[in-house]
Amino acid sequence: MAAKKIAGVLGATGSVGQRFILLLADHPDFELRVLGASHRSAGKKYIDAVNWKQTDLLPEFATDIVVSECKADQFSECDIVFSGLDADYAGAIEKKFVEAGLAVVSNAKNYRRESDVPLVVPIVNPEHLDLISAKIEKSGKRGFIVCISNCSTAGLVAPLKPLVEKFGPIDALTTTTLQAISGAGFSPGVPGIDILDNIIPYIGGEEDKMEWETKKILGKISQDRSQIDLLSPEEIKVSAQCNRVAVSDGHTECISLRFKNRPAPALEDVKQCLREYVCDAYKLGCHSAPKQTIHLLEQNDRPQPRLDRNRDAGYGVSVGRVREDPVLDFKMVVLSHNTVIGAAGAGILIAEILLAKKLI
Amino acid sequence: MAAKKIAGVLGATGSVGQRFILLLADHPDFELRVLGASHRSAGKKYIDAVNWKQTDLLPEFATDIVVSECKADQFSECDIVFSGLDADYAGAIEKKFVEAGLAVVSNAKNYRRESDVPLVVPIVNPEHLDLISAKIEKSGKRGFIVCISNCSTAGLVAPLKPLVEKFGPIDALTTTTLQAISGAGFSPGVPGIDILDNIIPYIGGEEDKMEWETKKILGKISQDRSQIDLLSPEEIKVSAQCNRVAVSDGHTECISLRFKNRPAPALEDVKQCLREYVCDAYKLGCHSAPKQTIHLLEQNDRPQPRLDRNRDAGYGVSVGRVREDPVLDFKMVVLSHNTVIGAAGAGILIAEILLAKKLI
Amino acid sequence: MAAKKIAGVLGATGSVGQRFILLLADHPDFELRVLGASHRSAGKKYIDAVNWKQTDLLPEFATDIVVSECKADQFSECDIVFSGLDADYAGAIEKKFVEAGLAVVSNAKNYRRESDVPLVVPIVNPEHLDLISAKIEKSGKRGFIVCISNCSTAGLVAPLKPLVEKFGPIDALTTTTLQAISGAGFSPGVPGIDILDNIIPYIGGEEDKMEWETKKILGKISQDRSQIDLLSPEEIKVSAQCNRVAVSDGHTECISLRFKNRPAPALEDVKQCLREYVCDAYKLGCHSAPKQTIHLLEQNDRPQPRLDRNRDAGYGVSVGRVREDPVLDFKMVVLSHNTVIGAAGAGILIAEILLAKKLI
Amino acid sequence: MAAKKIAGVLGATGSVGQRFILLLADHPDFELRVLGASHRSAGKKYIDAVNWKQTDLLPEFATDIVVSECKADQFSECDIVFSGLDADYAGAIEKKFVEAGLAVVSNAKNYRRESDVPLVVPIVNPEHLDLISAKIEKSGKRGFIVCISNCSTAGLVAPLKPLVEKFGPIDALTTTTLQAISGAGFSPGVPGIDILDNIIPYIGGEEDKMEWETKKILGKISQDRSQIDLLSPEEIKVSAQCNRVAVSDGHTECISLRFKNRPAPALEDVKQCLREYVCDAYKLGCHSAPKQTIHLLEQNDRPQPRLDRNRDAGYGVSVGRVREDPVLDFKMVVLSHNTVIGAAGAGILIAEILLAKKLI
């Protein structure tokens, strides 16, 4: 049995950082040793620095860790660093970590659009991590960054991957999201008075992220293995409408899609394809990979966030109401756990894949 | 000043019936005299028969009205009868009322698909009421029925009407709804445990209603004035995805549409068209008609149900986030008050139009 | 008909300030002319300075008012100034306004505990305003301040007043509150993630406010008319437990009380006493005074915030479930609208009383 | 290692029954073999009979069990039967089961007030189960019933037990509850429109149950071991005010209490007493017994249902804000998981205690 890899967390007192800590408690592959936060928190014990707001208790192992500043030399022992930093800080800090030779898996948006940075939904496109091996081979340097996708993108692309593999390209895709408030963090996040008996039909930047990131995640590594080639606007049109609703965890998306190839596949074949999909992370034996990548639900009124968000510990995606669509080809409802497969959990699974691929 | 018309309400103790009563309190055109309910309630004073659950108090005038059975002879003095009956009862009862020469405005679904029955959203297609005058002329009989549309259809078609008038046919239309729970009535309606921290991505029959009713409401009276000619599937493709969310009143819809004519109109022209629309009910001077039919909101995060559902007392529809759509032509968010313009309120305004058109 | 008094609002862009503006729209006694806010907002049109978050639309009259700084010379034309300032600013600013001879009705907590400042719930203790006339007589100066009580105190003392008047002192009083989130303002107020599917059993400072303010509001003006004599801890014991719940508007309180005099009154007499209470503000003919001060509800499951908070436009208090208490004498449920009788609305009604008493 | 005891569940398709099934999945002591429900469900596979509405998936083992009718002969192999029957049916059915020699642990209210039936909160008064051994000794018959307390009573008495043991009798006790909607079951339970943005200040029968059951649970077995002697009204006065709030799981209670002995203990001693309490079920080594019976929380704003209800898998009770009370001696906030320690979970732990005491 191999020794555990040493892990660190950047932005450890924030919403995403707290989730990283929970997910790393008793993890078979990683031992969390370094917690980085702002200079206000640095030097304090974690329990004194954090306003812990998770439904699970603060794991004991983390209680007494003295918080570090977010400087690379404080994390030099780390085999992997998970970043839950706000975008305001992530850009500069993560850059320095990479330059210092550290492996960073980041939830921030800053580097997602860099063509040579993999943007990975671990149950969808782990093959994009091959960019990293190519880079290491070429440069001889070990520092790199992998970006976690936007939370609502993760749910959207999960069912698309097997469909595209089996039935060929999707040329039109629409999604209307009903997103949970945990996705907005908690300082302050969404005010209670704005979300009680209400909907907010707007999430800043979210629609653009979904439309753009989908094209990268469904794209391919270039021939020279130097970058991801995005799907072009001619190849796929994507339209997103994003709403915030009174749900704590779990993003629901009503999606419609049209395949390029005619005739479109049969409804039952689409459903079977989703049912049968086994993600590579599971085949690789990754600890957190969902046993069932996509839970295809047949009851009319499912998936529901309160009932279905925790399937496979939040790593599985639920798809229901798959049916023909009068405008495009098919419509369906997709539910994904935004703080698991859509954020910190994705980061952990990405790290497990990196380990399985011997990239850390 | 004309004497008020005498009104009755069928299903007076139910959710829709209670709303009719509220809206008829102090109404300048109608005097509510007869309240009909099940035989369990008949013979009791209304206050003793009803489990009043409105946020406005039970109007004093209704308190002591003795509830009647839903029999036409009990309503013989009525110039207009508003029906809030459940579909299980509406079919047979309303039929008898019409045969007895009564004018019925019904919220039930039973007769909506009859080709010679107008299905009316009063801020959209009051011209369909001309079917009634044709019918009366032809048969010499005064009894007739007008159907109120499904609640979520009302919000959908409101912005479509002026757009079609100005820019020609819409050939593809999608809507994803986030519907309030008041639309489900309250016996029992949506269970609290099903909607707290949750979404139900299904409302029985709703998607089909929206897809079908849209084609009738946007259709035209036939040349012989005997029926409504529906838009055909070739003329317009409509796709609806319906969700129930934790909102008390106000249906939010994320819609996308494509015009048949190329090139599509400019974004600013679409917005101007919505802004300028004045519904016929307002031009006719109807008491409840909204001063502003469509409130075009420019703030990014509007409309919101809690803040915008009561514009023009719930008779105005709010439209926001009008923008270009990568898949169809335009997308936007529409908010309508489901118990006002989507149910009882629509019934009242239809009756006002019938009065203005001297059909009652 | 007298000319309207000129009014100003301090803290006009905040949650309480917005409510003052709504309540002053079309007010028969007051004309709102001056809006004061922070220097960031000063110089802008109100519509450009405010993030309007009320369920009623911003009144047109206020749209174009240019926001002033909160300096007394900007308000010199005002007969009355309503303050919705945060406690951080209210202390210094309101002091200067008073020194400049202005009449201030404040929602801030800063001066509530000054013995010579009336702390007034307008449906309960308007007689405390006589301190003002005494002060003016004595000093010859017109500047003064009246404090609005804490929102949850207002609901608590409303039923106590008539009970004490009729049955003599209450010597023990407990209240457990279920308070609405609108009471916390909105920058940021209560975070959504903290209140969805949750209760927060703590509101900073609230319990102490309730326990203390009750003793002042139920106290008497001293013989020399210079101050309010608080009830002593020997006269009344008060215990409050405060909770924040997922309700937008309306504070619910479960209270119990014991009278000093033995035997305690009969249950039916207690109820009758509450039913019959007519507040002085109504007798004075004040515009906003509730026709029915206390709505005594007999249904088992009332009052409920969503159904009952708007009785008498939020100026009436609802009391239900009055029954004997095994530990003290009686228990009951009290509902009051926290932003009306518990905040801005109270300020308006206090000003109406001041006007009726010719103090402005 | 002993063979597992065979278990059955009555009312298996209902809300409480579903919870029993979840808790019995993979239980080390019990093997669930028989599921009883109404004749409508009898004969069907469980998965076809149930409308499963738990956040955990239906355990595989239960899927294919064919549902039985609730007749004793169908349960003859059972060592223990858990009843989640509605009160309408529980009385007659459970009686027959006991007569047939079966051991029944029931969540129904029907037999709670029988003086010779133990009413047990397993972390509080498992010693009352000694009534059972006395009964068996005396009658030689093995059939018996043990009642689970009302859900809100369980949370109330948990902190009282150690306090009474250490500081002597409590002579006055008040509680105001904020109860979760899951306690109302789901057919239909609390309607969504009644609980969204609302509170219902009434739960039928609940206050009386809390006031009565507390006196039994804190009572003692009579000298002749034939019954429980209730505390008399002279010994303890209990007053409850019950509210339903928009929380899915977890009852919050604001309680106050006064000790009989003077002087009252010191605040710190009260807190220490709660902290140190170890329930007998834990000492007996019961599988589900909480490691920490009472979690004494020191943060001002805790316990909160969403964050704290799952401590010790819902078997631990959280107590916070312990402080002196101006009216009685101490006040505090208690949170307990209503479907675990307040219902099905209590039943499981009672059965574990019965097993440890060799009563099954």
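Every chain is named by a letter (A, B, C and D) in the order it is written, and numbering of its residues begins at 1.
Everything that follows uses one rule, which is that a contact is a pair of C-beta atoms (placed from the backbone, for glycine too) under 8 Å apart; a residue touches a chain by one contact, two chains touch by 3 or more.
Chains and their UniProt names: A, B, C, D = Aspartate-semialdehyde dehydrogenase.
Quick caveat, the model's predicted, so the values are computed rather than measured.
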**Message:** Regarding the chain A and chain B pair, does the interface count as same (over half of residue numbers shared) or different (under half shared)?
**Reply:** same
**Prompt:** For the sequence-identical pair chain B and chain C, what is the superposition rotation angle on Cα atoms, to the nearest 5 degrees?
**Reply:** 180
**Item:** Euclidean distance of C-alpha centroids - chain A vs chain D, Å
**Value:** 40
**Complete:** Chain centres from averaged Cα atoms put chain A and chain B apart, in whole Å, by 42
**Prompt:** Hey, how far is the Cα centre of chain B from the one of chain D, in Å?
**Reply:** 48
**Prompt:** Mind pulling the chain D residues that touch 2 or more other chains?
**Reply:** 53, 194, 196-197, 246-248, 306-307
**Request:** Indicate which of the five shapes (line, ring, star, complete, other) describes how the chains touch one another.
**Result:** complete
**Item:** Residue ranges of chain B touching chain C (in the complex, touch as defined)
**Value:** 53-57, 196-197, 248, 306-307, 310-311
**Fill in**
Contacts from chain B onto chain A in the complex sit at residues 172-174, 176, 178, 194, 196-202, 204, 211, 233, 237-239, 241, 243, 245-248, 252, 254, 256, 300-307, 320-321, 325-328, 331, 333
**Fill in**
Listed in rising order, chain B residues that touch chain D in their complex are 53, 181-182, 184, 186, 188-197, 246-248
